[in-house]
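See the structures that follow.
You will see two complexes here that share subunit A, one where it goes with subunit B and one where it goes with subunit C.
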Partner chain A sequence: MAEESKPATLRRDPTLPFQRMDEDTIVVDPRTREVHLLNETGARIWELLETASSVDEVAEALEAEYEGAAPGAMRREVEAFLAELGGKGLLLPKGRA
Partner chain B sequence: MSGREPRCQDQEVIGEAHGHALIGQAQEWAYRNQVPLNASIEITLRCNIRCLHCYNFDRDEPRAACDEPELSTEEIFRVMSELREAGCLFLLLTGGEILSHPDLFQLLDRARELNLSVQLLTNGTMLRPGIAARLASYENLQGVSVSLYGATAEVHDGVTQMPGSFRRTWEGVQRLRHVGVAVRLKFILMKQNAHEAEAMRAQAAERGFHYLIDLTITSRHDGTHGSLETRIDRSTLEQLYRGPLRDLGHRDAFEPTEESFPCNCARGNVAITATGDVQPCISVPWAAGNIREQPFAEIWRSSAVFQQIRSLKIADYTKCGPCDHRAYCARNRGAALTASGSYTGVDPFVCATAEIVHTLSDERAAESAARAAHEPPTGPQVRARLAVLR
Partner chain C sequence: MSASRPRTPAANLLLSIGGVAGRLEFGAAPEPFLAQVRGRYGAFAMPAAPTVDVGFSLGLRFETAPPPADMAAHYAKTEAHPLTVKATDKTITLTRWDFSVRLTARRSRGRTEWVGAGRCRMSPFSLDCILRVLWSVLLPREDALLAHSCGLRHAEIGVVFPGQSGLGKTTLARKAPDADDVLSDELIVIRRAPSDGGWRVHGTPFWGDFARGGISMRSWPLRALAFLAQRDSVEMSPVTSSESAQRMLECMLCFQTDRPTVERNLALVTHLCSEVRSVEAQLTRTASTAEIFGKLEPHLGRDVHRQVPTFSPREMISEFRSFLRKHELYAFSPKGAGLRPYVKAGDSLLIQKAEKNELDVGDVVLYWSPGRTPDDDVLRCHRVGTPLPKGHSWAHAEVLGRVSGIARDGRSVPMPGRLDSLARLFGSQVAMPILRLAGR
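Up next, the complex of A and B:
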C-alpha cells in the first residue's frame, strides 16, 4: 500500500540576518542586497517558519491567534505571503526545509 | 527623528543598494528605543602592518606590559550572543587586523548561527585566494571594507611600513570581487598621501569600486599622540576641498535639534574593545563597563557613562552649542574626546574643517544664486513677470 504523502513544508532560510522591531521584523539579504520589512502578521509567520511548517500549519496557528479570521481566507493569505517570501529567496528551497 | 541622520560613514551597510529607506527606518527605531542595532567588536589588536596613523597604539613601540589579555574566542562568542539578545543586527568585526585572528572563521560561523549581518574591516594584505573564497561562503556577510593609504606603492607602503602591502591589498580586493563579496575601499587621507587624493579616487572609479574618504586621524587610545603627525593641516584641507575633493567640501546646513547633536552613540551603536571594554563607538575610548565583569545588557541599560551620553543636551556642548559652524560640523566624538579629554569637548581640526565647509558651502550657494540671476528666465518666471505687468 502506498504511503500517505505528507504536505510540503517550508522553512525560512536560517542564514538570513533579521531583527524584530516591536511588532515588525526587518530581514536583510546580503546576497541580493535587499532589505525586507515584515509587518506584524508577516513577522509572526517568519517566527513560525523557524521550524519547517506546512501552509495549513501556519494558517491554523494564525487562526488560533487572530480572532475573527474568515474560514479559508487566512489560508489563502498565508499561501500568497509564503509564495512572496519564496519568490524573494527568503525560504529554503522545497526539499531542504 | 525627522531630518536626523545618526549613522556614521563607517556604519553604512556596505553594498546595500536597495534598502536605504528601510535601514534608515530601522536605525531610527533603534535610536528612539535605545537598541544596539549596530555593534563593533575589535576581535584583536594584533596587526601585520604598522601604520603611522594607527589609533590603537604606537606600533613602533613594544606593547605596554600592563595590557589586559585580549578576549578569548569563547568570550567573543558570549558577547556576540549577548549583543544579539539585546537587539543587534549589524555586526562589524574590526581590529587590529581581523585576518590575524586564528579563529576568525569560527567567529563568522557563530555570527551566522545568530542571524547577524556581518561587515569586516581589513587591510586586505592577508586575503589569499582560499581566504577570499571562504569568506564568500558566508551568506550573512554584507561586505568588506578595505583600507588604502595611497595611489602608489611608495606612498601606501610608506604609511603601513610594510613593503609590498599596496600590491597585496589590491590583490586581496580583486580576489574579493572575483568571488562576489561586496567591497568598499576606505581611503584615509593624511599628509603622506594628500597629493594622491585625486589619483586614489580615479583608481577606485576606474576599477568600479565604491569608496569613501576619511579624514579622521586622532590621538591614540594608548594616550600617545604620534599619529597626529600624519594629519593634514588646515591649509592643505582647504586646498583639497577647493580642488580634487571639491564635491566633498560643502554640504547642506544641518542644524542640530534643540535636544542635542544627533549621534547614534550609546543609542543605536555600541562597541566592544579587544579587552572587553564596552564603548559608545569604537573610536570613542570611554569605557562604560567591561563584559568580563558585567553582563552586556546591564552595561547597556544602566552604566553611568551611557546614561550620561543619553542625557546630554545641546547646552552641555559649551563650545559647539553656540558655534556659528555647527550646522556644517561632523562632530567626531572620538576626535573630541581624545583631543580634549571630554566627550563634549572639541578637536580644533574638526572645528577648522567645519569652518572651511561652512565657507565653501556659502560660496557655492552664492555662485548658484549668481548663475541663476544671469540665466534666461524660465516659463513660469516669465508668466509671473507678465502677471505683474498686467
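Up next, the complex of A and C:
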C-alpha cells in the first residue's frame, strides 16, 4: 500500500531582506533588483511563511483571522498568491536553505 | 610624426557632493581634459586643504587609448567587463572595462576614510562613472542616498521628482524658468540632516547627457517626493508610504547586492518615505512649472516661502561663490556696528569677482578657507601683502572676490584709505554677517 503523500509546503526565502511598513511589507530581491510590495493580507502570508506551510495551513490561519471569507475562496486566493510569489522566486520548498 | 600634447602635472580636486567630501589626486593629464573635469565639477569643488575631513582619497592614473579600430571587438570587450562593485567594511573595489579602483578603510579620529588608487581611461565619462559609483556606495553609510531624480528648488524648499529614464526628468528641468533652481536633471542626493533629523535635497554635478549643471553645494529642506508619471492632464495623487518606498528603492542608485547593504538601504528609504510627503506627479509634456507647482502646493506644507539659513558655512560660501561667478558683483548690507565708522548704517559693501592672479598688493579680498568639517569653513577678508592668519595658506584657500567699494545713498564710493584697519575689522566681523545675508 502506497504511503499517503504529504501536502507540499513552502516557506519564504530567508535570504531576502524585507521591511514592514504600516500594514504592508516591502520585499527586495537583490538578485533580480526587483522590489515587491505586499498588501496587508500578503504581508500576513509572508509572516506565516517564516515557517514552512502548506496552502491549506496558510488558508486556515487566514480564515481564522479574517471573518466572512467564503468557503474555498480563501484557499483559491492563497494558492494563487503563493504561485505568484513562487513564480517571482521569493519562496523555497521546505528543506532548502 | 605628431607632436605630443603638453601634459599638466598632477592635480588635486576636492569635491563635496551631498555632504560627503572626496579628494581626487590626478596623474598627469592634458590641460583640455583637466579643464573639462574642472568645468563639470567646479560648482562642487572646494579649496584642496589637507585638513578637510574627507570620505575618500583616490589617486587616479589616466590612460590614453586610441579610438577603437575594430568596433565589434571593442563592444565585445565592454560586454565582457561590465561594471562590478564590491564593497565591504574594509575594501571597496570598482572595475569596468575602462577603469579599476581599489580603496581600503582607514579609521582615524572616530571616522572612516577610504584611501586608494586606480587607473581610468582618460575619458570624462569613465571618470564620471567612478565618481557616481563611489558616492552611491558612501552616501548610504551617512544616512543619505543618490537617486535617479530631477531636483527642483521652489521658493525656500526642495522637491524631488524621482523617475527612471524616459519619464520626463530632463524635460521638467528644462522648463524651470530659472536654471539655477534645478538641482539636477538626473541624480540628486537626499540626506537626513544630523542636526535636526529633517531631510534635505542636494544638487549634484551628475546631470544627464553630460550637461554641465549645478551651481553650488547648497541644500534645501525636502518637502515632497513627486514620482513622475506621463499622463494626459496634470494631477497630483497622494501615494502611501509603502508605495513611495517601493518606487524610491527602484530609483535609488545602488550597485551592491549584498544583504547588509540592501537592508541598510531598505531601512533608509522606509524612514525617508514615512517622513516625507509623497505624491504621484502626473504630468503632460507641455505643463509649465507654474502649473505643476500650483497643483503641488497643497502637498508642500506650510512656510514654503519662509527664508531659512544655509545648512552649513560650507554651503553658504559655495552659494556666495556661485553668485559672484554669475553676477561678477555682489552687494550686501552688513548688520551691526562692527564696521563703523568705515561703513555707515544703510551702506552696502560691493564685492567683485576676482581670481588670485588678478590681485594687487593692498587689495582687500574675500577668501574661503575650509575647515575640518562643513561647519568649520570660514569666509574671511584679508589685505593682500599682509601675513595671513595662523593656520591659513593661499595654497589651501580660494579667493572669491575683492571688496571694490561701498554703496552709499545710491552712489558707489571708493574704499576708505585705511584698508589695514578695515581688513582687520573684516577679519573678525564680516564673516558672520555674510553668513546671514548671503541667502536669497
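Some observations on this one:
The rule is simple: the second predicted complex is superposed on the first by the 92 of 97 C-alpha atoms of A that agree within 3 Å, B and C clash if a C-alpha of one lies under 4 Å from a C-alpha of the other, contacts with A are read in each partner's own complex, and residues count from 1 in each chain.
Keep this in mind: contacts are C-beta pairs under 8 Å (C-beta built on N, C-alpha and C of every residue); 3 or more make two chains touch, one makes a residue touch a chain.
Computed from a predicted model, the values in this text were never measured in an experiment.
After superposition onto subunit A, partners subunit B and subunit C are found to clash with each other. In the superposition on chain A, A:44 makes contact with neither subunit B nor subunit C.
In the superposition on chain A, A:35 makes contact with both subunit B and subunit C. When the two structures are aligned on the shared chain, A:22 is found in touch with subunit B and with subunit C. Only one of the stretches 75-83, 129-137 or 201-209 in subunit B has C-alpha atoms clashing with subunit C after the fit on chain A, and that stretch is 201-209. Residues 15, 17-19, 21-22, 26, 28, 30-31, 33, 35-37 of subunit A lie at the contact with subunit B in one complex and at the contact with subunit C in the other.
Contacts from subunit A toward subunit B in the complex involve residues 13-22, 26, 28, 30-37. Put simply, subunit C touches subunit A in their complex at residues 240-243, 245-246, 249-250, 257-259, 262-263, 266-267, 270, 273-274. Taken together, the subunit B residues at the contact with subunit A in this complex read 13, 15-19, 22-23, 25-26, 29, 33, 37, 87-89, 112, 115-118, 139-143, 182. Those residues of subunit A that touch subunit C in the complex are listed here as 15, 17-19, 21-26, 28, 30-31, 33, 35-37.
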